[in-house]
Amino acid sequence: MSVLLYTEAITIDLDIGPDICDITAELDCLVEKSPITKGNLAATIVGSTGSLTTIEYEPGVIEDLKRAITMLAEPGLDYEHEKAWNDGNGHSHVQAAMLGPSICIPVRNGSLKLGTWQQVVAINHDNRPRSRNIEVTIVGTK
Amino acid sequence: MSVLLYTEAITIDLDIGPDICDITAELDCLVEKSPITKGNLAATIVGSTGSLTTIEYEPGVIEDLKRAITMLAEPGLDYEHEKAWNDGNGHSHVQAAMLGPSICIPVRNGSLKLGTWQQVVAINHDNRPRSRNIEVTIVGTK
Amino acid sequence: MSVLLYTEAITIDLDIGPDICDITAELDCLVEKSPITKGNLAATIVGSTGSLTTIEYEPGVIEDLKRAITMLAEPGLDYEHEKAWNDGNGHSHVQAAMLGPSICIPVRNGSLKLGTWQQVVAINHDNRPRSRNIEVTIVGTK
């Protein structure tokens, strides 16, 4: 069976970082629109102050993750980035680089294969609300 | 040469987290079973308290990584997740989200292309032993 | 349109870790050499003391990221790896495993699709200069 490609971008509005948004439904919708039922979905957030990961999207865990992200690189420390740019988001760049911009999710039987309590999330680390583009590439068979 | 797809899942039993298991041989076995000799292997752990990465699988380093993971989000802190669910694994969710669920490994000459001292590992962050499914998608040519 | 595969490796010389090098131009060059204009580029650093991510490649942010990486696993702590190997790089292994060896970048209109201030970087965490191989796999259509 021949391997097919499907690409599309989604846009998500995110609040001041760390803000965490569940994008599982949007990604699953792209899998449904694509002709692919088995393969791999690669997603990458465009921009250097965003990241992607998976988590149980439950308000408590989301707060816990926000705290841990903040501890990884706290706002208000003495960032070299500030000395040049003074835009207050040195911590945002560091946090995003450490979490990473991309993720792979398997596609099986026409849907994303995730755990019951596992959702794909986009994170804005910037110190202002951002509209984020996430590029999605699905490769697989019908 | 036409591009092919091969998918399969492996199951790994892991102990109370952080527990770290070398899955390189299992993944290499799937590459051998597949018709693909050149391309990319994407692996994703199913479930929100697991993660994948690479490391030198040597007992000392494994202990060092366990300590660093524990420091990233220590058990016993005041997690919001606990207030809702009281299942003791708030730290597990945070650790797993920060390490990330997926990885890409190149396939070259019919095998995984890794460093001599580089192994692929699955990590259980949960506060109880877990049987973990890892979905594997290999895309490439013969 | 049929899906194509293109693979190649690049080699980067890196200084004592944490050293961070912008590899965006090298990766974009591979995309140009490949017949692929739309799809996904997967890159993986070979070796257990290296990692890949994206960041704004600006001297201030680079210093800030180096500091945060060092805090994640500081050199000179009591590493179990040292007791067995005494090669001084216990922290390098831990840092690299936490950042992760692989990344996916979308290919659109014949180029990498990144933010204006977003560059792909290779990081050496080792305690000596290293020449690093990065394996690149591009899958997509003309």
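Letters A, B and C mark the chains as written, and numbering starts fresh at 1 in each.
Please note the rule applied: a residue touches a chain if its C-beta (ideal position, glycine included) is under 8 Å from a C-beta of that chain, and two chains touch if they have at least 3 such contacts.
This one's a predicted model, so the numbers in the text were calculated from it and none came from an experiment.
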item: Chain contact graph, described as a line, ring, star, complete graph or other shape; value: complete
item: Type of chain B:chain C copy interface by residue overlap (half), same or different; value: different
item: CA centroid of chain B to CA centroid of chain C, Å; value: 19
item: Shared-contact residues (touching 2 or more other chains) in chain C; value: 2-3, 42, 72, 98, 100, 103-104, 139
item: Chain A contact footprint on chain B (complex, rising order); value: 2-5, 7, 42-44, 46-48, 72-73, 79-85, 90, 93-94, 96-98, 100-104, 135, 137, 139
item: For the chain B and chain C complex, residues of the former touching the latter; value: 1-3, 38-40, 42, 53-56, 58-61, 63-65, 68-69, 72, 98-100, 103-106, 108, 113-115, 117-119, 121, 139-141
